[in-house]
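Provided herewith is a single structure, encoded as structure tokens, for subsequent inquiry.
In this document, chain identifiers A, B, C, D, E and F correspond to the written order of the chains, with residue numbering beginning at 1 in each.
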Amino acid sequence: MQDGLSTNLQAQVLISALPYIQKYTGKVVVVKYGGNAMINPELKRAVMSDIVLLSLIGVRVVLVHGGGPEITETLKALGKESRFIGGLRYTDKDTANVVQMVLSGKTNKDLVSLIGQCGGKALGFCGIDGGMIKCRKLDNGADLGFVGEIVDIDPQPLANAIYNKYIPVIATVGTDENGQVYNINADTAAAEIATALGAENLITLTDIRGLMRDVNDDTSMIPSVRLSEVDGLIRKGVISGGMIPKVLGFVKALENGVKKAVMIDGRIEHSILIEMFSDEGIGTLFTK
Amino acid sequence: MQDGLSTNLQAQVLISALPYIQKYTGKVVVVKYGGNAMINPELKRAVMSDIVLLSLIGVRVVLVHGGGPEITETLKALGKESRFIGGLRYTDKDTANVVQMVLSGKTNKDLVSLIGQCGGKALGFCGIDGGMIKCRKLDNGADLGFVGEIVDIDPQPLANAIYNKYIPVIATVGTDENGQVYNINADTAAAEIATALGAENLITLTDIRGLMRDVNDDTSMIPSVRLSEVDGLIRKGVISGGMIPKVLGFVKALENGVKKAVMIDGRIEHSILIEMFSDEGIGTLFTK
Amino acid sequence: MQDGLSTNLQAQVLISALPYIQKYTGKVVVVKYGGNAMINPELKRAVMSDIVLLSLIGVRVVLVHGGGPEITETLKALGKESRFIGGLRYTDKDTANVVQMVLSGKTNKDLVSLIGQCGGKALGFCGIDGGMIKCRKLDNGADLGFVGEIVDIDPQPLANAIYNKYIPVIATVGTDENGQVYNINADTAAAEIATALGAENLITLTDIRGLMRDVNDDTSMIPSVRLSEVDGLIRKGVISGGMIPKVLGFVKALENGVKKAVMIDGRIEHSILIEMFSDEGIGTLFTK
Amino acid sequence: MQDGLSTNLQAQVLISALPYIQKYTGKVVVVKYGGNAMINPELKRAVMSDIVLLSLIGVRVVLVHGGGPEITETLKALGKESRFIGGLRYTDKDTANVVQMVLSGKTNKDLVSLIGQCGGKALGFCGIDGGMIKCRKLDNGADLGFVGEIVDIDPQPLANAIYNKYIPVIATVGTDENGQVYNINADTAAAEIATALGAENLITLTDIRGLMRDVNDDTSMIPSVRLSEVDGLIRKGVISGGMIPKVLGFVKALENGVKKAVMIDGRIEHSILIEMFSDEGIGTLFTK
Amino acid sequence: MQDGLSTNLQAQVLISALPYIQKYTGKVVVVKYGGNAMINPELKRAVMSDIVLLSLIGVRVVLVHGGGPEITETLKALGKESRFIGGLRYTDKDTANVVQMVLSGKTNKDLVSLIGQCGGKALGFCGIDGGMIKCRKLDNGADLGFVGEIVDIDPQPLANAIYNKYIPVIATVGTDENGQVYNINADTAAAEIATALGAENLITLTDIRGLMRDVNDDTSMIPSVRLSEVDGLIRKGVISGGMIPKVLGFVKALENGVKKAVMIDGRIEHSILIEMFSDEGIGTLFTK
Amino acid sequence: MQDGLSTNLQAQVLISALPYIQKYTGKVVVVKYGGNAMINPELKRAVMSDIVLLSLIGVRVVLVHGGGPEITETLKALGKESRFIGGLRYTDKDTANVVQMVLSGKTNKDLVSLIGQCGGKALGFCGIDGGMIKCRKLDNGADLGFVGEIVDIDPQPLANAIYNKYIPVIATVGTDENGQVYNINADTAAAEIATALGAENLITLTDIRGLMRDVNDDTSMIPSVRLSEVDGLIRKGVISGGMIPKVLGFVKALENGVKKAVMIDGRIEHSILIEMFSDEGIGTLFTK
């Protein structure tokens, strides 16, 4: 066990975890993983350890990941410039292929491998597998090329993996009815997957402490938000920019049966465990 | 979580438990519970918490208990004197009935209830249930009355309970073919049950640190014993008295497929967790 | 087969049982067992034989028992006086513990053992097992101490036992949310258990022929009662005293899906079989 | 229940059946049905009642039947003469077709219907169904035409029927690899089916009391025969004629795992029940 | 593969069957088989081959057959004259028995055998088996004797057969509550069975090309009919005579969940495959 | 169906496929896919169609693929030169990562997508998923960098996929105990996977007609080879170069339970169907 603590104290820590284990055992928890926690190797291994621990104590964890930096890097190595429109990557046909290749062949399988090294058993999927994520061209005014919005999710492959005690790890690309591949926002995809699986909890790792009233004031984090407050917070600009799709995903998930959605600071080691194994949690909790 | 420790440190303790969880998940572990750990209410609750924790993280715990003090106390209240021959209780017909009543109606159900309060789900059994423990009069020279030796174990009710995610708690009385009830040594019964269930591990809680070369020298504990060494240790008198049936039970269990048997100090809070969740363990480990 | 009857006649008896077997095969029948039938050893064995027979021909029998005399006797042996208020036992904390011990450790396991000797397979339960019977202090004006009324029944352990072809035998003690044990009226418990299991039939063994218009007139038994008649019979005093909880239990069970409830004379050998295997039955039948 | 007997006595008869029910519950019992018991309508209904009773109390009964008289009658009505060689029906192509038609379309379905009227659920099969009985031309010296000997039995359809709680009723015709239908000796087929299903018991209904030392002396019945005695009994002529195939079927079945084979008098009403529900049985018992 | 075609072309044929296989895999298709396709041995074998093929590629085929000619022939051989009232066979008690015998013993088992020779596995049933088809005397004005109309279908034996990968083959006789056997119109029975099994498709083989506006004009076939058009077509006389029960069966089946009903020309070899494996199909398609 | 053929002829083609369907239904067939058949888009779609057809008619197809050209192309686009030693790609750490990314993210998911478009349901895997392929550095004299040889295969994820009716598609990279990724020869991997799954048949698509006595003489193909002949053929040089690992994989698979291994010409459209659906097959068949 942990060095520097008496074994007795350690045993007491385990025992103090009992009520939280009881709360989540047998429940589906979807973790959206991205940002810094994905770049820093130590944080990465800490997150994967958390996920393996949850899996071993009976939580049915599902990992949904993005992979922006690795995509940008590979595009650059291939001599393709990344182009962004309103903060979103313009995705031409070649880029869509690279996104598929990097996300589902590199980022995804590296995570699967890392979970294996931490003692877990994972299976890597992307939205192409089993026709799992069906999408169409996102229509939000700007032409972003092959950026998709989800039309339908068939969670069967994930449900089978969970049933067979594997941790599903999902790269968020999807296809339309012609087999054309699309890049899909991972926050949105995580929310849709949580909904499709009837998840208890959707946990999103971000690079800030939570939802901040004032991003420059570390003490201004809002600990909890009810759905009815979201519109006001958007109007006031507290929820803005990249926060908007995250929060709208939360809203949809909560309205469709997911019990809790929480935004936590992925830069803090073991933030998932701290969130799930303490009464106060960390970050900002969204509930109905 | 545990007060007075940073949540981060607590998360690290949980993470450090990972390899031990992996080792025992899905395995049957039989805990023989008796002695001081059964009398002191705080120790009692600590042991039950350990068992609930193990159960929640996927270990299939089976609890086998004795109950000497409560039997003696009830016999006394009923005006019956307890008589011991060579350290073993002489059990006349009335006493056998009282043993059955106290062990399976009081001690057993109190433990089941306590597990429930700690958040677990238990079912209480005695060897009469489902004809689970068949025995005959123990033949060891002295006439001890209705003290039985096990002839056959039908583990079906226990296996069903485990399958349905209940923790079986077993009072060690059994019956012969005429329905006569017998008092059975709980150490022996635990070893036979561990064998019948193909347990990974048999953990016996005692009132000493482990097997001691010199009972008066706290530093003389033998950390591990191989089966081939047992005869020598008996000859030298290191294993003697009440230790003999415990160790012979271990020997039989290990020879019949149980992987490890360990004798630990039930007076130490959470000794089960410390044994199972650390590399060094505590107490004396017996292996083939 | 039965001596003194030609085997041919005996075969014809078996054949004549066919339609009744067909009627009950695969159905849950809850037998409430108490009174004289529980004290007289021959009647006791006859009842257990009936239950084993029913079990073997495919009826899913569940046995719920009281145990007043053995409790009184043990309390007396322990030097505790039994105190009754309005016919109900005043149950202080010590008495509650003795009730638990005697009912679930002595009476219950003795019945399990006897079923085993008659060739059946039974498992003994009390309301503590698996948190099966949750109760609170009975509030009926008088302070009876730890006499409970049922708040909730979790029939899972019974359903599992039935599924695995065991006869569940239930001692009617329960616990509140703090683990405090309560004595529960066995008639009420049997009715609640019959309801929770969706029983076809609830059979209560009593010490009189059935519901009598005039308890002193053996010919005044009422053969059948519809729910709508119960209020009138109570008002007229035909149903009174200890009959009231029995009949109110019947009413609740019938209103919640149990098909038939019947009160039969436990002093008649094989009265269960006679009731179930003849068109006229014996005793008083309650239906919706 | 049976008129003219007190219900109490009847209950005692049921109870006295307990040990026999225990012995056979869950076991496969193959009944070979033929001869007088098949012609007399009352006996027929009595046999079917016995079979339904056995089925309801958990015995897995399989009924194998012949049908000589109905075949002969239909052949006659069709203007075809029955021709016998050494006691066996010469079966030309047309006759084989008539045998198939009468046995599996008339006799078989009439029995299925009668079982239904007695409250049971049966499914009619012949050896053609599911390719269940594969055979070839019987080679015993004489040319009997399309009389077959069994090459292989696929008991799957019967096992499925039993699993789904139907009583399989089997007409003993089979086919060769070209689809040609053959008439098969029902005694031999019953023995092979008992073997293929791992039956506990093979019961053959005949028109005599059992195996007789002297067919003219009713008191000369041999109550039991061991396999080792069979050769001697054949040599002495005690087993002769139509008895030989019956007994040779028994021998093969017992040598391949069937526990008991018994020849009983089908002319006695409920002889199956009398055999199975008494210690002494009736008729001649063959054991290994 | 098929001689005279290049293997490549043959492979392409198989590939072109893909979308049709996808459409029907796992679905129940009931085939009503009668008329010429049943008399001509080559057509008979072609139909059975089609059915085996469908079964092997995952379609759950159920075969319902008539058998008029064989019944007539056997009645004649038995010296009984066939008498028809309004085109329907007058069925006296003897005739009902012959119908049962021929349909379920000859026609049915011959089909089962033929399916076996084509490489499939079939089980033969009639409405007597498992009490599958319950009926009463048909009341249509004329007294037709034992001609029945269906009161209830218990599809359990068919569902079990399908589950165990057998092709059920059904002879359409049924019984009333007294066990009296009745002759049942096979078209009606097929429609009821399709309904009871929730079939995707009901295919009826007939001796004409489909529903004809003018039976003398081969080009006047109506390719498809909606339920709303049926009344008009009956009024105009386009649907008349023996077509009426067929079409009324279709109507009832379609109204109760069967997706499609189609009447095809059984005289065309492999007409079932041509219907199911082409977009245009053949014959007349009825849909809701 | 196929244009230009009468529907009747097409139906006959389907019927002629019957015996081959029977032979393979429910069996595992591993297809190793590589070479030209993977580059030419029409051949690619034809192979995927074949696989979907096999899957639909009940064959349990498993697709193992290489991907040399796409790897080379991506390496080139990334400015990395491909280096070959003795015909095998030298794989440094960066190259190993690119191999993983391209094979499991591009080639693999494109095949999964194409199967989806052909109407099948596939799941993409690589040896990292579920720790499926464990390997170590290949030790064959030359230092090839991270080229692995298989140490262990855990077929669980593939077996689960098959059970749930998905077609598993496998990219042949694996990991060692430290999580280092290795490039693995796809022919060898296919043989090991076929062995681990107890496959009936291992089909390898190549760019030649089969095993040729003289590669320049199209008529010199050897139609079948027994294991005992392999050594001789290697000594004579008939099996040489890249053929050697293919054939050694066959040998190992056949020795460990795979029934047949066959090398066919992937340049011929639908060569898989032609091989499986004709008696003569195409290419070279290896059997024990």
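Following the convention adopted for this analysis, contacts are C-beta pairs under 8 Å (C-beta built on N, C-alpha and C of every residue); 3 or more make two chains touch, one makes a residue touch a chain.
All values reported here derive from a predicted model rather than from experimental measurement.
> Would you indicate which option in E-F, C-D or A-F repeats the interface seen between B-C, with over half of the contact pairs matching by residue number?
A-F
> Nearest 5 degrees is plenty: how much rotation brings the CA atoms of subunit D onto those of subunit E?
Rounded to 5 degrees, the superposing rotation is 180 degrees.
> Going by the average position of its CA atoms, which chain sits the greatest distance from subunit D?
A
> Subunit A to subunit B: how many Å between their CA centres?
45
> Determine the centre-to-centre distance between subunit B and subunit D, using the mean Cα coordinates as centres, and give it in whole Å.
55
> So with touch defined the way it is at the top, what topology do the chains form here? Options are line, ring, star, complete, other.
Chain contacts: single closed ring, each chain with exactly two partners.
> Following the ring of touching chains from subunit D through subunit E, in what sequence do all chains appear?
D, E, F, A, B, C
> Inside the complex, what are the residues of subunit F that reach subunit E?
Answer in residue numbers: 1-2, 5, 7-22, 25, 46, 49-50, 52-53, 56-58, 118-119, 268-270, 273-274, 277-278.
> Report the residues of subunit E in contact with subunit D in the complex, numbered from low to high.
My answer: residues 74, 77-79, 97, 100-106, 108-109, 112-114, 116-117, 121-126, 128-131, 156-157, 160-161, 164, 166, 175, 178-179, 181.
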